[in-house]
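Below, chain A partners chain B and then partners chain C, in two separate complexes.
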Partner chain A sequence: MWSTVEGRFALSILLVWVFMAVLSLVWTPQPLWATDGQQVWQKPSHNHWLGTDGTGADVFSWLMAGSATNLLICLLTVACAAALGILLIAATVSRSALVANTSIVLVDALISIPTVLIALILAVPLGASVVVIVLACGLGYGLNLARVARPQALLAARSDYVIAAQVSGASAGRILVSHILPNIMPVVAVQLSLSAGSSVLAESGLTYLGVGVSSGVPSWGHSLATSVKLINVYPLTALWPGLLVTLVVLSLNLFGDSIGDAIDPQSNSALREAA
Partner chain B sequence: MSQHRVPLLRAQTISKFYGRGHQRRQVLDQVSLALYEGSCLAIVGGSGSGKSTLVRILLGLEASEGTVTYRGKAVEGRHSLGYQALRSEAGLIFQNPFTSLDPRWSALRSVSEPLRIHAKRLALSDEQIQQRSLAAMEAVGLDAQDFAGRFPRDCSGGQAQRIAVARAIVTRPRLLLADEPMSSLDVSARQDLIATFQKLRQDNPRTALILVSHDLGVVQHMADRILVLHNGRVQEEGTTNQVLSHPTSAYTRALLEAVSQ
Partner chain C sequence: MSSSKLKTDVQEGTVRHEDTTAGPSTDPVLNQRLKAPRKGNPLPWQLVSALLAVVLIAVLWAGRSYQQPTAGVTAGISKSVSIGFRLAPANLDIRNQSGAALDQALIGNVYEGLVSRDQTNRVMPSLANSWEISEDATTYTFHLNPNLTFSNGDKLDAEDVAWSINQLMEHHYHDADQLQNFQSVKAIDKDHVQLQLTAPYANILWVLTGRAGLVFDRKAQYDPKTQAVGSGPYTVESFTPNSSLVLKANTRYWGRQHRAKTETLHLRYFADDNAAVNALKSQDIQVLAPITANLAAPFTKDTEHYSVHSGAGSDKYVLAFNNKGSKTSDMRVRQAIRYAINHQDLIDSRGGVDQPMGGPIPSVDPGYRDITNLYPHNPERAKRLMAQVGYTPDKPLTLRLTYPNTYGTELGDQLRSQLKPIGINLQLQVVEFSTWMQDVYTNHNYDLSLVDHSESHDFSQWTNPNYYYGYDSKVVRDLYAKAMAARKAEDTDHYLAQAAQQVSQDAPADWLFNYRITTVTLTGLRGFPLNLNQTLLNAWKISYSPDKPKTSGPAARALYDRPKWRSSDHATFLQYTIAG
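And now, the complex of A and B:
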């Protein structure tokens, strides 16, 4: 993965993101709640590296603290999507025709519901919160994962090597874990990395709509939502979170491509030589 | 072969249909066979004659009309005694070695997998599994040290098929089913594999073999008995000598003529 330019770029950005997120838990250049009505919409300076927002708060500090929220949302969303997607894939390749057909119909029916609509429905009982983003995106991306990985999962499930394993007495669980999941892992890795990127975008969108991160919790979506209204007056404060979101989404997509190649022995000769 | 012994594997009046309504078509019609320990039965027929379907039914991988018994126990559903016995005592070899081996697994991992599945029941340690797997690879004529770490894409067709054969024999099965194992190999690899099968039969005289093939040249070198299938029906069955020297059905005669030409 480190051997390609794209891989190095993606990994570097993601490592910086994780570092900033962890660091923000113990330190930020300025206190988050230090506002100054005399210093609103300041340009970048020695005290405020990326300037200040409409309340005079330090933009860099808020973005730094937001990176932790976004990282948490990203990890939880990917975990939910992976759990749901793999469960549905397991059902799709089940030996029981009833279970397999039901899962296929379920995925095809639910995938048509937009993530935003799910979030709006969930926001009614739960209110605007990180939980709404994680559940809505986890459900949507999990269904998407099951749909995208389905052809390869079925191909693997019907392959001769799976029949050979059945004849040898392998259980359905063993076949799923040993043969089917590893053979669809490049697709799963790419899809989950796309989902991670999408969750960052979704956080921005849902927070802007008022059903995402609740007000007062730092996040990139929150920074965008508060600054975008005055983008014509002072574009820089909207530029920074926008730039961060773009960079991270791009890196997550490149990371997915690189990891897909890295874990596939068919495209990675180093893995074959190591065996 | 004594007909008084219980056959290792018996199929009685097997019929199989695919599709529904007006698209329903019959692929096997009242097929019966018996296979005894140590014997080799060749199932011969052209493409679409139902050979591979019959193999899948014999292994309990597909449902059908009729009965299949293994060691006298019915093979019906995953929980039947016959099915469970088959799972621990059968090996299967496919036509295409590259699709029958997991592309992500090294040869050693593929060969050792049947042992790992039964490791607890057989009380095998990791070291014993490795030793037996390497021995199986040597038994099919592979340099085990050289091939252990190779992936299917790093092997020729003949080499990959030998790995598949090693996987099928590593548990010392009582029943081997080979579904057109040589049809994707060149002449030289085919000759080598025939010699390998003959050696395996000598080394394991109790192992029974079902060889599915449309190649009578291969069959006459290996089989004790031949069952000729055409359009899902048994055209004739007998000893290899009988069927090849004095065929009774027009289809078998046509097959033999095609070979001689």
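And now, the complex of A and C:
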């Protein structure tokens, strides 16, 4: 991964992200809740590296604290999507025609519902919270993962070595873990890293719509939502969170590409030679 | 046969394949079917270019002449003025449709009432030029102006007035409930109307300046959702729901004093702040109200072309405490919160325009006194009070603040920050307005709530123990009853002030600030009302003379402008406010 420029770039940004998220739990340049009515919409200065927002709080500190929330959302979403996706893949390649066909129809039907709509519906009983984002994105991306990875999984499931494994008495779970999953790993890894990027975007969008992270919890979407109203007057304040989201999403996508290249034997010559 | 055909095709195909320029396809059959390309220029380019040029010039010319109306000036005064607003009326049926946008557009302009309001919220003559109040303050006799007419030419007489009010009560039209203690209304003769109350009600004249007092033509037939027949200085020319309303000067207007100064008024409604600001920048509109003060910042700098004003209003940002709630029923907690809040800090962050409030009555209502000294900003005292209840910053009391998402997240963040040092952990719950209505207003399931109570003369909410505040004070109820029973305005004012002081002392809520309306006008626009212009817009005096130097209401500016002007966030507040 480190061998390509894209990989290096993506990895460095992601490492900085994780570092900032961990650091923000113990330290931020300014206290988060230091609002000051006299110091609103300040330009970047020595005290406030990226200026202040509409409450007079430090933008950099809020973005730093937001990176922890976003990292959490990102990891939880990926975990959710992976769990759901792999479960669905297992179902769709099942040898039982009933299970396979039902799950395919289910995936196709559910995949037509937009993530935002799912989030809006979930926000009715749950209110604006991290859970809404994680559930909505996890569901949406999990379905997507199942749909994209199914052909490869099917190929693997119908292959001779799986039949051989079945004949020799291997259980379905064992076949899934030791034969099917390794075959679809490149696709799954790429899809999940794309999902991670999308979850960062989704957090910003949903928080902007008021169904994402609840008020009072720092997140990039919160910083964006509070500053974007005045983008004509104070463009810088909206620029920082926007830039950050762009950078991270780009890195996650490049990371996905690199990881795909790195673990896919078809594109990675080193792996091919080793095999 | 088919095999021989195939053979020739293959042979021909081979031949063609060598000659790659012979046709676009390697299949000779397809190539044969192709028509030969026409020689020479397929389109007369010169003609097309000339036509395009003509069309382009025509479009540009049309665009230029389309802009003419706003800039079209006769003898220095523009014939039309375009005004930008935020909230649009859904239809024009003022008797059934709620929303301040209708009051703003139609009352005093298209429809008139027995009485009207001036810029300081005082009752003024309108259709009635004078009135008498009986000794027991239950009988009001109104004297109508002579020769009143509707815009369709019908005469307006006392019968119309009595009919309109009777219809209001009979059909329970919008604001019928405001006409409290109503007994009867009748026309004594063609110029005199008598209103009978069951008991004195001091607000009755003010109520009659609103929808409850409007006079409709009992003979006219029209669709009230899209048309309007009133007696005001303007008539409705056209109406596009949620987009625009065009008012035309009423040529048959009965009065002299309120005769329209501008022939056509375009009221345009912008759902998006930035779109409204762009319309003002391109001078598509000459006024914008309200604008968030942050967005007004660029106009404040450009004094050559724009004037930025602030006007008084009755909007009260009420941070209500659930007086029957388990955590906030302790008065010390409520008092501590009031001492802990730095109102000036909140106001400054919004641009320093809004006014601090010490109690429930805003400056435009009777009973207003400056009682901000009752609970001055005093975090130390707040801390001591919280310590008495048993809470410290290390062991904080967790309270939930529920408020509608239209007010933005800043206020919640600021309050959380201000209450943290005194030992309150404020959890913010920003919800849809409908959720707020359900949870807070209806079910009283909340600790703290924040909402803009925009109505004027709405003190009665503090006398209702079942209102969502859960505030119950016999002293306040008695004082309010006295105020409403008083015949003289001074007495009403006196008792209301006492009641407001008592409410404030009991700390059932904190009043964050009294919102002031920010209006931006182009230089040369005159007579635009600055106070209360979201509910009351006396449009007859608006005029625009673009060539003149900046003269838009110097007296008004001196009264209402503040030197400092930065920010305030305010979007669709009127839509999301509730009637007391």
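Things worth noting here:
The rule we apply is simple: the second predicted complex is superposed on the first by the 264 of 275 C-alpha atoms of A that agree within 3 Å, B and C clash if a C-alpha of one lies under 4 Å from a C-alpha of the other, contacts with A are read in each partner's own complex, and residues count from 1 in each chain.
Here is the rule we go by: contacts are C-beta pairs under 8 Å (C-beta built on N, C-alpha and C of every residue); 3 or more make two chains touch, one makes a residue touch a chain.
Being a predicted model, the structure only gives us computed values, none of them experimental.
Once the two complexes are laid over each other on the shared chain, residue contacts for A:Thr35 go to chain C alone; chain B is not touched. In the superposition on chain A, A:Leu230 contacts chain C only, with no contact to chain B.
Contact with neither chain B nor chain C is seen for A:Ser112 once the two complexes are overlaid on the shared chain. Touch criterion met: A:Val167 reaches chain B, while chain C stays clear of it.
By the touch rule above, chain A contacts chain C in their complex via residues 33-38, 40-41, 53-57, 127-128, 210, 214-216, 222, 225-226, 229-234.
Residues of chain C touching chain A in their complex: 273-274, 277, 292, 294-295, 297-298, 342, 344-349, 405, 408-410, 412-414, 416-418, 420, 426-432, 566-567, 569.
Of all residues in chain B, those touching chain A in their complex are 59, 61, 86-88, 90-92, 94, 96, 99-104, 106, 109-110, 113-114, 117-118, 149, 151, 153-154, 164, 167-168, 171. By the touch criterion stated above, chain A contacts chain B in their complex at residues 159-161, 163-170, 174, 178-179, 182-183, 264-266, 272-273, 275.
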